[in-house]
Structure formats: C-alpha cells, structure tokens
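Below you'll find a set of structures to go through.
Note that subunit A is present in both complexes that follow, paired respectively with subunit B and with subunit C.
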Partner chain A sequence: MRMAGKTTVATAWLQSCSGCHISLLDLHQELLDVLELIDITYSPVADVKKVPRATVGIIEGAVGNEENLELLHEFRRQCDLLIAFGTCAAFGGVTGLRNLVPLDEVLARGYVETESTVGGHVPAGPDIPRLLPDVKALHQVVKIDATIPGCPPLPSMIKATLVALLTGKTPPHHTHNLCHECTRKKDKMLVATRDFVVDAVMSPHELPFIDPEVCFLEQGVLCMGPATCEGCDTRCVQGNMPCRGCMGPPPSALEQGAKVINALSSILPAGGLMFHEDVVGTGYRYSVPVSLFPRLASTRSTS
Partner chain B sequence: MMKAGLFLSRDDGVISRTVDVDALATQYGHLAVTRVCDSFFHAPDQRAILDAVALAGLDAVVLAGPSEHTFRQGLGGTHLVDALESAGVNANRISFADVRGNAALAHRGDKVRATAKAKSLIDVAISKVEHSHPVEMLQVAPRRAVLIAGTAAGGLIAAGEFVAKGYRVHIVEEGNGLRAAPALLEALQPTLAILESSELVTFSFGSTVRDVAGTHGDYTIVIATPGGDRTIHVGGVVIAAGNDPESLRQLRHQFHFGADRDGMPRSDGPIPGTTSDPGIWFLPTAEDADFGATVQGVSTGVLHLGTSLDVNEILHPMTVTDVDASVCGACGTCVKTCAFGASRIDLASRVAIIDAERCRGCGNCVTACPTGARDLAAFPRAYVTDAIGIMAGGVAGDDSPKILAILCRNCGERAWQIGNSAQGRANGGLPPNVMPLLLECGGSVDTQYVLYAFAKGFDGVAVFVCQDEHCHNVVGNTDLQRRLGLFRSVLRSRHIDDDRLRVVQVYCDDAQAIHDELKSLTEALTAASAQA
Partner chain C sequence: MPTITLAPISRLEGHGKVTIQLDEKNKVVGAHFHVVEFRGFEKFCEGRLLAEMPVITPRICGICPVSHHLAAVKACDAALGAAVPPAAQLLRELMHMGQFIHSHALHFFYLAAPDFVLGTSSDPAKRNVFGLLEKDPVLVKKAIRLRQIGQHLIERIGGRPIHPVAALPGGMSRPLSHEHRHEIRQDLKEALELAQLALTVGKGVFETYADTVPKFAAITTKYMGLHKAEQLELYDGMLRVVGESGSMIADFDPKDYLAHIGEHVENSSYMKFPFLKALGWPAGTYRVGPLARLNVAKGIGTPLANRELAQFKALVPGAPVYQTLYYHYARLIELLYAVERAQQLIDDDTIVSREVRIPVERRAGEGVGVIEAPRGTLIHHYWCDDAGKITKANLIVATAHNNHAIDASVAAVAKQFVKGGAIAEGDLNLVEMAVRCYDPCLSCATHAAGQMPLVVTLLAADGSVLQQVERRP
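Now for the complex of A and B:
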C-alpha cells in the first residue's frame, strides 16, 4: 500500500542466502517504525515483475551470475540511493570464496563430483543464467552510496542506517577495529615483551573452558577482531565465540588476510597458526573478492 | 598546496650520456621548479639550487641524480641536504631518485629504456615527498655526561677528554680490569691518574649495560653492577670494548650500531666511528701499539660527540607518526610487536601511545598495526603502494620478468649501491629488469605490499635485508620471517608458487649475493613463464 510522504524502497537479493532479509524481518515490532518511513515497492517477497523507480535500493548478496549483473544495473538505474546490504554485497562474503577456484572446477565439483551424484552434468541452457568468472562485491560493479556490512547485519544496524538516510543524517561510520568495542579483559596483550601470549593456538571446541571475560587471543583462540572493522556490537564475542571477520577489513587495510598475518605474527606462535588453522579460511572468509590475494591465482604456476 | 621542485643532475656527463635529462625535465612542467644542473656537488650548482628554492619558496625538493646513499656518504652531499633543511625544507620533503645507478649505469647504451626508467624513478621520488609526513622534532636538552662502554685505551683517553670538558663520565667495564693493551698502559698513566682522582668519574667493573632508553642528548641507561642495578643519565655513549666480539655483541644488542662480517662495529657515515645514532660513537677496535695513533683515532669521534652535546638543545626526528585515535582500537598488537618497549596502551583513553624515548623508528609496529593507526613519516603506506604501482608500469619494456627488489635501509641498500658502483658493474652489476624500493627495515615489509606488487604486475619480489645479527632493529628479520612464513602458506594453499618471493640476508658489502639472487629469480621466472 503506497502512502504519500513515504520513501519508496526496493530490495533484492543476488547471490546470497537471504539471511540479510531475514535480519530485516528480525527487527520485529521495530520494523513497524521503519515502515512508518518507507514503502517497499519491490522485493523478493513481493510479486512485482519490473523494478520500479525508487528512492532507495537495498541489495543483499554478491554479483555471481549474469542475472545478478542485470538486476544490479537495473537497480542502479531505477534507484537514487543504493545500499550494499550485508557482507556478500559489501565484500563478496562467503559466496566470494569460489574466486579461489577456477570456475570449471567449481561447476564440476558442484554438479558432477559430489559424492552423492551419479551421472551428473553441469546444467546449461537459455533459461539458466551463466556464472561470471569471478564473484564481485557490488561496489566493484556499480556506484554504492551506503554499506551495511555483517553476516547478517544486526537488525539494529539496519535500522540505524536506514533511519539516518531517511531523515537526512549521516549513517553510522566505523573506523576502529573490533577490539575498540570489545569489553573482554586484556592482560598479556598489554605487556611489552616479545613473548607470544600463548604457547599454542586452539580451536574453540578443543578447549574445555573459554573464559567469557578474557581476550580470546590470550586464551589461544584465533580471533579476527584486531583485523576486523567494529560496528557489530561484538555479538559473536558476547556469545563466547571468536570474531571471524564478517564486518570486513578496517578502512585503512588493503586487505583483511594479509593484515591479520602482519598483526598476529607477533602475538601467536606462527607454527600453530599455519598448521592448526586454515589460513585462507581464517583471513579471507568474507572478503576474497575485494582482496589482492586471489588475483594471483590466475597467474599460479602449473606445477 | 605543496610547492615541489625537481632538480636533475647530468652528473658531469655520467647520467646525460645515457639518460635524456633535458627531455625528462620538460615532462615535469606541472612542478613549481624544474631545473637541470651539471652536478649536485659543485658549489655553483648548489648555490643555484638553493637560490631557486628560496626564490620559488619551495617546500619539497626532489634530487634526481646520484643515490641518497651517495649524498649521505659525501660531505658535499650532506652539505646540500643540510642547506636545504636550513632553508626551511622539511627533511622528509627532500627525496632522491637514483637516476645515475638505477637508470644511467643499469641501462648503459640504451637511451630509451634508461630514460623511461629514470622517469619512473623520478615519479616515485615525487610521490615520496607528496605522501611523506613532515618529520617532527623532539627537543632534548643534552646532559653533560657520557658513558664509556669498555676500557680499551681509546675509551680511557676519551674519558680524559670529557673530564677536561667538565663532563660527568661513567666508565663501565664487563671484565674486572682495564682492557687497554699492556703496551699502552705506561703512556696511559697520566690519564688514569686524572680519571682516578676526578670526582666526575665513576668506574664500574664487572658491569654490563642492561637497558637503554632515550635519544642523543638524553639517554637513561641501566647498568647491571655486582652491587645491583644502577640507573644513569648521559648525553652520549662511546663504545670502547676493543675487539672483543662477545662484548661487542652484547653492546650492539643495546646500542644497535652496525657491524661488519666479523662482528666489528661499522661506520654509518663518512666519519669513522659514526653509528646510525648521532649520540653513540665507537672507537677503533684495533688498538695500535703506537699511543699517538690511538689518541688520533679517538679524537675525531670524541670531538664530534663532544661538540654535538655542547648545545642548548638537540632536535630528534620522530620517524613514526602519532597514533590516530580515530582508528586505534587499543588491541595491543603494537605492544607485543615492539622490541624496544616503545608501545603501550593508555587504559584511560584506550589508545596506543608511542614512547618517543624508546622508539627507534623501525616501523615494525606500523606493519603490525591492523588498523593503520600509525605510519612511518618517511615511508608512509600510501607512498609505498603508489611507488609500487608506478614502478610496475616502468620496468624495462622487454620480455624479461619484472622484479621488485625491496631493500632495507641498512645492509640491503648498501649492498645494492655497491652493485651499482663501477666496481659492482665490473663484476656483472645488477640486472636491468629490477626496480628497487627502499624501506626502513625488514620489519616494514608488509605482506600487503608483496601482494600489491604481484597484483600490479610484478612477476617476482626479492627482499634484501641485513644478516640477523646486524639488524639495527633487532627483530626486523624475525618478524619478516614470521609474517612471510604465514604468507607463503597462504600462497601454497592456492598452489601459487611461493618461490616468486625471495628473502635474502646480505652483508652490507655483498653485492654479489644480490646479483646472484636476482639472476636466479629471473631464470626461475623465465622458466615458469615458458612452461605456462
């Protein structure tokens, strides 16, 4: 239902899990406050065929196939403001991990080689949008006006950004790393000696007890907090799980993976980091398409 | 808006024979001043440069000619740089393009490529003055006191000279007796008589230096004596441990002076005994049986140290910028990284603080800081990435692989300069398909820079740093190895050949090691590209 004075909003999901839209619904009754201000004219849950003119476009997901590309360009044409909604839209996210593997290998693995598949083949045809060679974050394709990162973004973050934009204010902008808003106690991290803070790096499930009040790194748990932008209200950390980096790199970093290597090299024993954890999955889980590192893969040696 | 001037030297024909200097000059019309001269070291040319700087009110100067190293090593060069600084140009707004070594000599006989390479070297030098933060100065009122570390004959003579100037003198000796050569003891008797009777002098035998903080003019030094720790405050330090390798190693760990292959102190400037810290001098290690020669060996260094302390204030450059509180998250990474205890977190404001008294400007914390809250004033991150981009587009335009050579400012650069010298050229020189990038230390090799170099089109990256025990910054190599160890595992996990990244520790005179490594890397890259 359209009412005068409301801002028109169109939303879409591209290559994603729809979790960011679910997070929008997770505003619960607060969604009503937002709906006071907006009128959603196009969205995955509305049966509208063409993208109408809208003041604000909200896009979840990364650009992974030809249809994503077309819809994104259509949104850019039809919307005055475009918001990258969630980590995939902002940095490529988990969907961007496939950039680490050549496209033909991805398709073969998905449709032919999976253990439960018999006689599989890679589907193709005029109705099936082809995958792009590389997954891209939205800003790598079109101009983006605001970003709400997070996998998924917290409902409060969504509301804060939307309300700010709709009332002519500057949306929240974060420049610190997660440690800035983390309230866990630090002790060994602040002692000016060159000793590592622990002897070994462990996975959370290997530890009988993780002190919910003490810095993860000091307990030997790899936490991406130092090399991750703040703004998520440390929700995983409050759930006694280490940060995995979904808010993306701090603004000054060229990329998250290399930055975490630089930082953690003098904090945790490198051997533990190398052999215990998946370094690629640790540093690059959410940001492969916007990182420098995968661009090397195309030039990798044949050996 | 910065007013930058570019001065190009023909280097008395050495450069202009191969590089089209005049054509290059015409490409920088956008700068406030562009001028070609015959040599940076001739008095009339220097006057012309200084006049141009004053007339145009320049605040940034790019000198395209011989290397920065040449400027630092010769009095003519240091004179020009000092004069530019006196004229109001900030030290970090003076940069050098080594057109002589890296273009003219490297591409001898190939004017087109030499000139093209000179252009990118100049572009990089311009980027450096544009991005560098003006260096800020810490004001220190020098203390009229010195530490003589060791009792070699030279140290005792130096102590006598400082007592004569009215300085407080602390003489610290690891052993239980004088280190001076027995042959010199008789001649030393008058000096010893003065030292033993003077109230200004304290002898500490069986004692070692445990901790050093502070800068030229005001050091706080903890001495471990048999009676317990004692803290002293001195304006300068004279290393006089003779040629005892173990004592020198321990002292080097505290004072970070350069060393040669044998572990003996190595002069860091044109005057023998100079270290990288103007408040710390060392005396000749081989003590001559000739007393007169020993006295002479002492006097130059003592003279310089004494003169440098006889002033009201000393300005100490701050090489790491202030912490940006809008970015710092107080994670503590810098605290764990700094080998000198110069980083701490202020718990009240939850921001990192750099202790200027302890910071040695190595940049290791800049590399480690995950938020980019600090930067090196002279090698800012924005400059380094810009320089890599410029150089990737400016390497020799043939089929040979493009290599970025990252040089630490200490041994890496010295060895590179030797490779570029006439003697180095005679031994094969350095290959032309390589672009040199000077960084502060191995500890400032950010893995992001290596990735950026590959992403911008370099085929290989070679890092040349000091031998472990010669690193001024103690842990530069350690942290470089830790970072690159992880980094290599990232590359290998994606089947990217990590052999494209080489790290070599070189002695400061070992141009051959650089030559051999670059040759081997070039061959490996050529073979890999042929295979693909």
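Now for the complex of A and C:
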C-alpha cells in the first residue's frame, strides 16, 4: 500500500487516553486530504521489533512502563523526525499526576484498598509490564524534533503541523499565553490599585452567576490562562469554564504552576489560594513530570 | 502447561494481548486477555478538588470522555446534595447522545466493518478503514459525517468534542443558544438517515454471516445495564441484572453498587474483574454494553429503535440474545436510539431555558455517579472533605465488567480454531474479532488507524517455543 511520493508515517500511543488519535480523526473529511500526503505504515498496537523505517513518527502519551520505554527507543531509531503528540507526550499530562505518590501506594490503592475490591493483590504476572517509578515526558527519554501540545491538540493544529513538516516549512509555533487570545473583558486588573481585585478564590460552581464575558480571575475563579500557552482557540473559556492549562506552559515559563502563582500574587490573596485550592493538581495538572515543585510538595519528598 | 500467546503486540507497546492455555492433550482450557496499562487515577485523584473531577477524569478515555465527564459530575452533585435544573439534565443527556453517535459510529465503521464488508479472510494490509475507503468511498464518507455530527453535538454543548468542560456541580456552565439548537436539529435529521443506513448495512452483514454468528465466540452469561421503567436507558435509572434465561437476578439503585458488585484481581491483567457479590467469583460475572442493555430492556422509548428491538429480540425468543457477534447489531440499534433520543431532547423547549445551574457550596460528603458509557456501565464514587478535596475515589470502568466475558469468548473461539496445539495464521483475526465485539476502549482507538498485528507463540509445558505465527500490518 506504499505509494510513491507519499511520506511514511508511523504512529503509536504510550500511556494516555487515545484522545490525541481521536482528535486526528476529528479532522473528519479533511483527514482524507492528509491521507493524500502520507502513508500510515504502522499503527499503534504493534510489535516494537518491527517498527518500520518511517520519515515521521508520531507518539501520543507519556512513558509509564517498561514497554513504553522500549517502544519509544525503537521509534527514535526508526524515524527521521519524532513528534511528541499531545500534552502527555510533551509534559507528562494527567498521566504524570501519578508521580505525586510513590508507586507502591498507587498500586495498593488500585488493587487492594479500593472499596469494591474483594481480596485483592497487586497483579504481577509475566504477561503485564512493570511500571516505572516515575512517569516521564518523551523528551526526558529521547530527543524530540517537534511538539504538538494540547489535551488533546486541536485537529487544525495537528494538520497544520503535519502539512508544514511534510512540505518542508516551519510548523506553527506559539509563544504567548492564553490571555493573549482570550476575548473576555479585563477591566479591574488593568487599574492600578492597592487592593486585591478579588477577595476570595471560588470554584465556578460556587459563583451565583458565571459571567460569560468577564475574565475568570476578576470573578475570583482560578484560571490557568496567564501560565498556559495559546493555540487552543480558548475552547474551555468559551464553554464558560476556566482554563486548566492543558496546552502546557508558554516557552517563557519554566514551571506552569509557579508561573500562575506569580501571575496571581497581585490579584488574589495568596493565602486563600494556597488554603482553598489544590495548587499542585490545578497549577501543575499537566506538567508534573517536567516540573520540580510538585515533587518537593508531595508526600514523596519525605519518602 | 502449553500456552499460546497472542500479542497484538503489546508485549512491547502496551494495551492488550491474549494467552490461550492448553492442557497436556493440547485441548484449550482457557484464555486470558491481558490489559497491560495502568495509570492510577484512583490514587492520584486524592487531594484534587471534587469539582475538578469532571475535568480530570475524562482523561481516562479519549473515546468516551463525555461518559466520564457526566459520571463524575453526577457523583459531585450527589456528594454536594445539588439539585440540577431540568434544562441542565436535558443538556447533559443530549451531550451523552452525541457521545453514543460518535463512539458507536467509530466502532462500527472504522473498526468492525472492515472485517465484515471486506471479508474476514481478505488481505490484512487492506482490512482496515483505509481499505474500506478504497472499496466503498461513499460509505466511508457517510461514516465520517455521522461521527462528525456526534462530535459537533458534544462540542456545541460541552465546549469541546474531546474532554468537554460544561457540566459542573449543580448544572451546566452555559445555556444552549437558539442558534446551536437550530444547527443540532439540522444535523440530527441527517444523522437519522445515516444511522438507518448503518443499521441496513449491518443487518445485511449479519444475514450474510447468519451461519457463523450463532457459534462464533458464543457464551451464555448474565447481563447488566441501566433501565428506566424497563425501557432502554443510557443516562440515569436503576441497575438491573438478568440471568442466562432472562429472569431478573438483581435490580438496585446504582448508588448501592458496593452492596452488589465486587472486583476480583488476577495476575494476568491490570484490569480487575467485577462480579456480583451475591453469587461470588466467578459465578457472579456478567456482561455489559449494547448487547447487555438490550437484553435488560423490555422496550425502547423511541419508535424506530423500538421496532428494531422487537426484531432483535425475536432472534432468541423468550431469552437473552447471547450471540457475541450480535454486540455489533445491538450497537447499531443503540446508535439509532441515540439519534432519535437526541431529537426528542432537542425538541423539548425546556432545553433552551436560561436556568441551567444552581450555585452549590462545598461540604464534606460522598457521592456515586453511574451512567451507561458506550461500552457499558460506568461507576464513579467519590468521598470529599469540607475543603472540597477528594479523600478517596473508586472507579469501575465499562470494559472491566466484560473482562471475564472477553476471556470466555476468546476461549470459545480458540476451542473452535486451535487444532493439534496449533493455530493457523488465517484464524488469528477471528480471535481479534472476538475481542473486538466488546469494543474494549484500550485497543479500539489504537486500532482505528489500521490493522492490529498479531503474533502467536505456542509454548510447550517446559516453556520451549513450539510454534510462532505472525501477522503483520
């Protein structure tokens, strides 16, 4: 089925939800245009020893077990260009939240302590791979040539990146934070004042009214926009819910969670933020494996 | 003991593989479907904010994120004692119908149809959605359109097609605009035609394979699913289990699931094995998903799907339809129901009400949220403290309920096709087809982009390799 003139593409997924691949399918009719340019020679579930030579390798998901590790190395050997596809691959993603807890406690909860489990034990048969102590983003294991962030990435961004790579152009590159493309009104924050803009941190469900036109921060709701890379069309914010940072940090920010605390320190009473909200689970939801602070703040720092 | 291992080839990739066990006389004694993935949501959700669970847990599955989104928000509502306004209930259920349209269309056209339309013994390199595209581009374009309608429906209500955000404790973050209502209505008209077409294609296929269907991977089991007054229900209702003969074994409020359902652990898989506590392991295992739901339901509350249900039930008069391949048939009837139900919901004028949420305060509590995901019953159970943080979380995902049944179905296929301690390469796809009936999340999405390669290793009692059969993409 390989045809002349088409670029060979291999795709795989490691530890993730498959949402990035579904987002690729969400190109719908446009997927047929992309298929004119590429020849998918390798599908996700396949034998690592037989990953064929391919021009482009696309990997969704983070590295969480021994099999993931081997497959990733094999892709690096066989592919000229390797793309980290989606936020788990790029920053660890939600999958990376596992790093907050020692592995034995994660397994004990899953297979022994859960309320519905009867007489459980941690599975350890020869047919299932051992988990790594820490979940890793792809670039922490091998060299990555391009990244398509997002949980999942927008179909249009997937297409734009692929087409650019296939035609020798530079893929789209975003440098601003989400506030840059957000159209909500920001009034109070722009006025110089000695007072905090809001005096409490709320969850959206606690607000009497979620104003669809005013900046979430001005409504007292933690929004990850200031610490999150643009490029998602602000879909959550348009859905009248705050950003949770799934695009990962903009290139200028070292740590996404620290960046948002820094950005909010002049708006919110920091004590309220720390007390009420889950700093690690919200600020670092998508980037624990590539960040330092969550590890220091987690139970693992004492273990 | 000799063992045949079917690795798709997740030994090194990671989502599922199959081992077939033989006895000393090379007779099949059992099979295991190994789920090799584990991420640990039940632990790392501890300490997260309760209200964030509807946004965090969809990341369990990118194919049915709406189901996790809604099971999570229902558990939050229960924990916080929130009464959700009628418009929000309609919007949530409508979004869920979008999920069924997308997921069932994906499964039938992208994953299952290549086997049926192109033939189970056709060239494996072409036996995928791309091969189908070459053979019948018109059909594939219609399939793409149907799935698109489902995803657009989710996006218009949930804000995004994958990992939606709009459901929050107490309701929805925004009302439905009249413009979106109009667009959804237009789309659904088209979807109704496409869903009927899918069912026509499917029924033609099942007639062609009428001889194969009764024997293929057939097992008799118990069945579990939600129902509302004995009608098919995907969003909210009572959980019922019926036995092999169709008689009712249990009928309970889903919030009491812990009194009825336990989970067994095996070394062979990271996926647990749910069973009915009253009957014990493994006697208490059952099936969930489209086949189970249609076996639990006595009727369907939409006219076209209800007529199809009557035909479906006539396949096995007076007892549950047990043929595993009819999961595909049941799935197509549900697809039709999802479109018809979506039309009912969008036609209800309450759905454009501006009152879509009530403010809800934090408090300590416990809540269970249960929903029928495309693949079966999905259970989220949270405990939270008065700061609004999760102290414990328990999750039973849809595919897990079918874990034991998948093993049994693979064993049934193996008994048919493993001869003299060997399996022919051409029969590998049949093992995969048995697994695919259940549409397990873990392999189906990966499978979307092509054919699943398989390797069979036949091991003698001393562990030496007797035979290796391989099928490459």
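Here, the second predicted complex is superposed on the first by the 287 of 303 C-alpha atoms of A that agree within 3 Å, B and C clash if a C-alpha of one lies under 4 Å from a C-alpha of the other, contacts with A are read in each partner's own complex, and residues count from 1 in each chain.
Heads up, the rule we're going with is that a residue touches a chain if its C-beta (ideal position, glycine included) is under 8 Å from a C-beta of that chain, and two chains touch if they have at least 3 such contacts.
Predicted model only: the values in this text are computed from it and were never measured.
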Practice problem: Could you tell me whether subunit B and subunit C fit or clash when both sit on subunit A in the superposition? | Solution: fit
Exercise. For A:P226, decide between first (touching subunit B), second (touching subunit C), both and neither.
Key: first
Practice problem: Identify which of subunit B and subunit C touches the larger number of residues of subunit A. | Solution: C
Quiz item: Taking the superposition as given, does A:L100 touch the first partner, subunit B, the second, subunit C, both, or neither?
Solution: both
Practice problem: Calculate the angle at subunit A, using C-alpha centres, between the directions toward subunit B and subunit C; round to the nearest 10 degrees. | Solution: 160
Quiz item: Can A:G19 be said to touch subunit B (first), subunit C (second), both, or neither?
Solution: second
Quiz item: Which partner does A:L131 reach: the first (subunit B), the second (subunit C), both, or neither?
Solution: second
Quiz item: Once both structures are aligned on chain A, how many angstrom separate the closest C-alpha atoms of subunit B and subunit C?
Solution: 8
Practice problem: Using the superposition described at the top, list the residues of subunit A that contact subunit B and also contact subunit C. | Solution: 100, 278, 280
Quiz item: Which part of subunit B faces subunit A closely enough to touch in the complex?
Solution: 326-333, 335-339, 341, 343-345, 347, 350, 364, 367-373, 381, 385, 446-448, 450-452, 454-455, 475, 479, 482-483, 485-487, 489-491, 493-497, 528, 531-532
Quiz item: Touching subunit A in the complex: which residues of subunit C?
Solution: 5, 7-17, 19, 32, 34-40, 42-44, 46-49, 51-52, 55-56, 58-63, 65, 76, 80, 82, 106, 110, 125-126, 128, 130, 133, 141, 144-145, 147-148, 151, 158-166, 168-170, 173-174, 257-258, 261-270, 272, 274, 277, 281, 357, 359-362, 381, 387-389, 392, 394, 396, 441, 443, 445-453, 455, 472-473
Exercise. Name, in rising order, each residue of subunit A that touches subunit C in their complex.
Key: 1, 11-26, 28-29, 31-32, 35, 40-50, 64-65, 67-68, 70-71, 74, 93-95, 97-98, 100-101, 105-107, 109-111, 114-125, 127-129, 131, 151-152, 203-208, 210, 212, 235-236, 238-241, 244, 246, 275-278, 280-282, 285
Quiz item: Where on subunit A does subunit B make contact in their complex?
Solution: 100, 175-181, 186, 189-194, 196-197, 225-227, 230, 250-255, 257-267, 270, 273-274, 278-280, 283, 292-297, 299-303
